[in-house]
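Labels A, B, C, D and E are assigned to the chains in the order they are written; within every chain, residues are numbered from 1.
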Amino acid sequence: KEQFFPLLVYRTGPYAPNGTPWANGKQDYIKLINATGGINGVKISYEECETGYATDKGVECYERLKDKGATLIDPQATGITFALTDKAPVDKIPLITLGYGLSASQDGSVFKWNFPLMGSYWTAADILIQHIAKKEGGFDKLKGKKITLVYHDSPFGKEPIPLLQERAKMNGFELSLIPVAAPGIEQKSAWLQVRQQRPDYVLLWGWGVMNSTALKEAVATGYPREKMYGVWWAGAEPDVKDVGASAKGYNALALNTSGTQPKVIQDILKVVHDKGQGTGPREEVGSVLYTRGLIIQMLGVEAVRRAQERFGKGKVMTGEQVRWGLENLALDQKKLDALGFSGVLRPISTSCQDHMGSTWARVHTWDGSKWGGMSDWYQADEQIIKPMVKAAGDKYAAEKKLPKREASDCAA
Amino acid sequence: MLYRENGQFKSSYRADQQIFPILQDRVLMLLLLAFAFAVVPFIASEYFLRAILIPFLILSLAALGLNILVGYCGQISLGTGAFMAVGAYAAYNFHVRIEGMPLLFSLLLGGLCATVVGVLFGVPSLRIKGLYLAVATLAAQFFVDWAFLRINWLTNNSASGSVSVAGLNLFGLPVETAVQKYLLCLALMVLFAMLAKNLVRSAIGREWMAMRDMDVAAAVIGIRPVYAKLTAFAVSSFIVGVAGALWGFVHLSTWEPAAFNIDRSFQLLFMVIIGGLGSIMGSFFGAAFIVLLPLVLNQMPGWFGLSISTALASHLEFMIFGALIVFFLIVEPHGLARLWSTAKEKLRLWPFPH
Amino acid sequence: MSPATTLLDVNGIEVIYNHVILVLKGVSLKVPEGGIVALLGGNGAGKTTTLRAVSNLLAGERGAVTKGTIELRGERIEALSPAELVKRGLIQVMEGRHCFAHLSIEDNLMTGAYTRTDGKAAVAQTLEKVYAYFPRLKVRRSSQAAYTSGGEQQMCAIGRALMADPSMVLLDEPSMGLAPQIVEEVFGIVKDLNEKERVTFLLAEQNTNMALRYADYGYILENGRIVMDGEAQSLRENEDVKEFYLGVGGADRKSFRDVKSYKRRKRWLA
Amino acid sequence: MNAQNIAETAMLAGATQGGRRIGEVILDVQNISLSFGGVKALTDISFDVREHEVRAIIGPNGAGKSSMLNCINGVYQPQQGSITFRGRQFKHMNSRQVAEMGVARTFQNLALFKGMSVLDNIMTGRNLKMKSGLLAQALRWGPAEREEIAQREFVERIIDFLEIQLHRKTPVGRLPYGLQKRVDLGRALAMEPQVLLLDEPMAGMNVEEKQDMSRFILDVNDEFGTTIVLIEHDMGVVMDISDRVVVLDYGKKIGDGTPDEVRNNEDVIRAYLGTEH
Amino acid sequence: MGFFLETLFGGLMVGMLYSLIAIGFVLIYKASGVFNFAQGAMVLFAALAMARFAEWFPRWLGFESLVLANLLAFVAAMAVMIVVAWLIERLALSKLVNQEGITLLMATLGIAYFLDGLGQSLFGNDIYKIDVGMPKEPLMVLEGTFQGGLLLSREDLIAAGVAAALVAVLALFFQKTATGRALRAVADDHQAAQSIGIPLNRIWVIVWSVAGFAALVAGIIWGSKLGVQFSLSLVALKALPVVILGGLTSVPGAIVGGLLIGVGEKLSEIYLGPLLGGGIEIWFAYVLALIFLLVRPQGLFGEKIIDRV
């Protein structure tokens, strides 16, 4: 018997350049695990399904693959996540939405099946503000500053707005919002507005072609790249690759490192790519989104491993059991080191209440040819995030008439 | 059984005006309906229902609505997505804002709101024709996309613009499982198909077609362009709106404006063209072609045990899909419905070739 | 007429529209070089279809020749494109005018010269000739074709074909919608071209009277079959032709006011 | 009204011609001028049409005959002049109004509804008579269905009359030209018009078919008393079946009178008929 | 004031970029009465070919020169577009002579799917770069007159120049040559054009090749701006209001339409957008086009829609 992981991916369409390395990372990690004996002997089987980043195709993929015994899904898109959030509890399939999805779904007591591991758009926005404050020399220095959010006009792009508004109130900066229609190939007016407002900082909440276009428009309107800060989905190679040196100085959040030093990357190169079984091109291994794909898959695998510890080693876990595993992840530094992920990400541990597990992230900078210059780790401010998560979770539960999970449910 | 109409004499105009004047067709249709209502729910898998049949039914309903406008009245619309969105979000608002609003009423009220918006954007059709009219409907498309993203009130203040419904029930009967949802969609689809068929074979349908074929002559025989065009917009958007509401409520249950974006509008237009403009049946053929074919193509490599990369498979799927569209148009430029009726005509002559 | 070489030889063709509608059921006819042949027959007999089959314009109507052969100067032409046929001197004037609505009358005429390679001067000369034939066109030369009257469009369509300097013209209902003296003129032009430039004509006409006056030979088509053919002279004298096509029952012309009484036409073929 | 008209009225009113009673002026066109940019299609045209008569309009190509019908029909709006119909005077007509007042027409260049069957084309002519609401039609509910059937019966009579039973369900686009002309007439007849405007109804027909068409026109005129305005280039037909003829040339009226008068009018012979007729 | 001018110029420049794509639509519509849905796919296809050939040729032939690489790639990409045009005519259009506009529109949709799939499987679906040496840094002018100066994009200026040149040539071609006249005849009536000997197949290959050329130019300019990737095919959507506003049949209309839409879009977004929450430019472009159409239903320069009985 094998543990089945459906892989919802997009290798075509407007978001393909970003979706592809991510999808490759996910697959390569499975290949690595299978080549090194599986999860306590349980091999992983998988099947890719192309969503093209479109919600309805995503739903079709989900329905198709769930019948084949899906036990864990990473939808790779916030839109698809929204659509699956209602279906997952019925079908008992947990969703990993690492660094994306509904920010409120951190609240495990309402969103039993969602796992926005390692960060949500609220933590992301919070950390960016913290980083800017630090640059300026303290939160009090933010007073009177102008910060502009240039965002993908979709639920994904709108997620950080409530947090930023909260922060603007708290820290006294002036927030302005500039939407960019998807997919974001025409941004002249957005950047003319930036030029008019002359903000002190621009936050970039984009995905796919929107990011590189934004950088090019910034070049064309002379907005300094050093003052631009992207979310972690706007901080990978495809976003800056063809802007090249012009994008030098641009910053973005980093959930993970990139590069080929980590042991797990080396393992993959050896065990998978050298055998000619690599999913994508070898040069791509270790890139930002590829590595993120690895992490997502690793967390899934570790959730199964954790579940096996409780429900029986060497057995195939059900969706429900995997869910339990995800809810009880405890990856400390030692474990991460053992898995070959030292330095790639911070330790993470989840609980019934907290489905995120870690609210830490760093900021990295494009030096014209590669991502580097990692900042220190920041942790999102609990004081702000917690009440927002709770309020949003409660509202959701009320709307959906969902009962809150019992404490006993958590223990189970 | 041979497919013949010999011996079937129509002794009254009523008999001649039946939807399916040929007995064999009538029987076939009844069997098909019986199968759809009574057999499918038992044999279809959950996947088949949820991922194929329900979207197929809803989109054919939308295509049916669009066909009234484009196929029967000759007004090209690229704003179908918008009218679906209006249907969906309006139904949503009735659903969440009015306690105890029955599902069916929400859906119909959604359709009604879509009617209002449809008629509004249909007004330019009195002056603008052909492809130029596409601008008016595209304006609707983009405006509506924008409105649901930007105007919070319309989405019940959901920060992201995405809304969701749960716990549907139809006069007390739950609409939760795939089968229940399927039956709801099927019933509505059959109902609207009947109503639409009745309309297009009545005076109003003839007015629409007259407008489409030769508007000056239509005016000369006393058809009012305003009335003909705006009723077409109204009826079409109503059906499209209901389909939109179903798409949101029944198929997706959580949706964002992107679910009804311009791609949807194009997709529906393609359905009616490939299915057959001005044919109720064509709407179903078109929906089947556009919804099902990609799925079939997508799964084809699997059936043959080929393992090709996802990207390549998907590119091949595009290519084959594109090539098939061209192929069918060459075989029958008037769409699949016409192909079907030509085939029947041949069958009727069979075994004598002409 | 001296026995001339056969220019066009249609041999037993069958035409089917839309894969199901059989329209021509074995039509054969010959057009001699330098002749004027009339194709007569009632509505729906298949005259237009025959001409379309010859000029290979059936495809656009979703029709096809399924049997038989068509030869032009001994060469099989079923597979040649209309453009190639025009290059070989065979051009058709379509029924129902089909002027290019957005082009001016003059541009319409000029498109007719598209295939010509004999230089601008020669084309200009032909243009003058056409204007001389149809002075009305010269007056309306810069109007968009769509906004000219029905008759003007008919002249434009004929003139356009003449611009190609053809050696054989298929004329489909040239007299339709033309005022009587223009009809005379059109037939006069046909005769003129035929005599002076040895242009061969195959014309489908409802105006049997006129057609038989100018043609050398005629075929009568009914229901997709040739039911009678002969020298124009002899057809003109045939009693049936007289009654059904020329409107002269017995000896004298019947008034249109008096045909009100019920009459059923005799068919050569049921 | 000028003196000549009055005299004619006296002569025609009450006079019976083949059982028809030619009545009062039903349609009176006064001083119509119409131009398109530089092209003067009609200049100061006046003529009248009496109830139950067959009135022909003839003239060379481009004389403005079709434009005249288009003005009466409200398709074109003349720059000058007025049209009086049954005593009501209009600066210009609106197509719907004209139709409601009982004027129907056929077209020179076939303006049939190509995608529809013969039956449906003719049924559109009955639309003004159909009163069921949208919802009733959607449900095909009692009265709506009865209405549909009643109108169908009427249309079937026209189909019989025009002898196109065989083609009832054929899309009109597939019919040969001549039959399409007949359907066009059928659609106009379905409106039960009081005045029927025919624009070259016999173009593209052979003599036998023209005879049939003449018979249809005269029957309608006879049996329903329909007033007929006819444009036709076949002089035989015009001279045989019309009561009075208007002749246009280059947008101007050059003759008006009975066929015999017109036939012998110098201007008409020069401009149109040529010497042979 | 300075900012207003900047917005205005920005709008004009973007407008020219839209025109560049719009021209492709107009060409095919004008010359065959087909609304070519595949124009976006052709832009992508051409740009992909250009980008990849420019990358491959130096590798295959072992040279370094960027100019040479671009030149060769351009020629090769053009050759590819001609082959595409020929295939389209052979396999699709020639079999659809005399069909209605909407049928042909649908066929071009099939072609669009096909080209999207083919292009990406031949040339890849990542981001590629076209570097024809377009200057990226902005140009500052009138720094004395306005505070902060007036910012112009040099890249856009070049693009605008190219578009204008292209239009001039094409407009002349249509008005002055016999082929141009034949093309317009084909658009009016396929069958009549055939009947008088206009060789539809050759005409169509020519038109689609010219449209392929327009697509290639648009692809190079947009591609060097955006990077070459799937989204490039979506820029066609931006050209839609432009073609319709300018008139489907008018080459100069594409330019004027582009300028109007570009300016209208940018001014509205910047001066009206903030009041309405932003993001209004897309629908505003259409509303703007709609307003013009209400006055001139055939678009600003389009041929009058003929409506006669």
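Going forward, contacts are C-beta pairs under 8 Å (C-beta built on N, C-alpha and C of every residue); 3 or more make two chains touch, one makes a residue touch a chain.
Here is each chain with its UniProt name: B, E = Branched-chain amino acid transport system permease protein; C, D = Branched-chain amino acid transport system ATP-binding protein.
Not measured: the values here are computed from a predicted model.
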Fewest touching-chain hops separating subunit A from subunit C: 2
Most distant chain from subunit E, judged by the mean position of its C-alpha atoms: D
Centre distance in Å when subunit A and subunit E are each reduced to the mean of their C-alpha atoms: 37
Where subunit D and subunit E are represented by their mean Cα positions, the distance between them in whole Å: 49
Cα-centroid distance, subunit B relative to subunit E, in whole angstrom: 32
Between subunit C and subunit D, centroid-to-centroid distance (C-alpha), Å: 29
Contacts with 2+ other chains: residues of subunit A: 11-12, 16, 20, 153, 179
Subunit C residues counted as touching two or more neighbouring chains: 21, 147
Contacts with 2+ other chains: residues of subunit D: 75, 107-109, 111
Subunit C-touching residues of subunit E, taken from the complex the two chains share: 97-99, 178, 181-182, 184-185, 187-202, 249, 303-304, 306, 308
Subunit A-facing residues of subunit E, complex: 3, 6-7, 10-11, 13-14, 120, 125-129, 136-138, 151, 153, 155-156, 225-227, 229-232, 234-235, 238, 265-266, 269-270, 273-274, 277-279, 281-282
In the complex, subunit C residues that touch subunit D: 17, 21, 40-45, 48, 95-97, 136, 140, 143, 147-152, 154-155, 173, 176-184, 206-209, 244-247, 253-257, 259-260, 265
List of subunit C residues in touch with subunit B within their complex: 16, 18-22, 62
Residues on subunit B engaged by subunit D in the complex (per definition of touch): 12-14, 17, 195-196, 198-199, 202-207, 209-210, 212-214, 216-224, 231, 235, 278
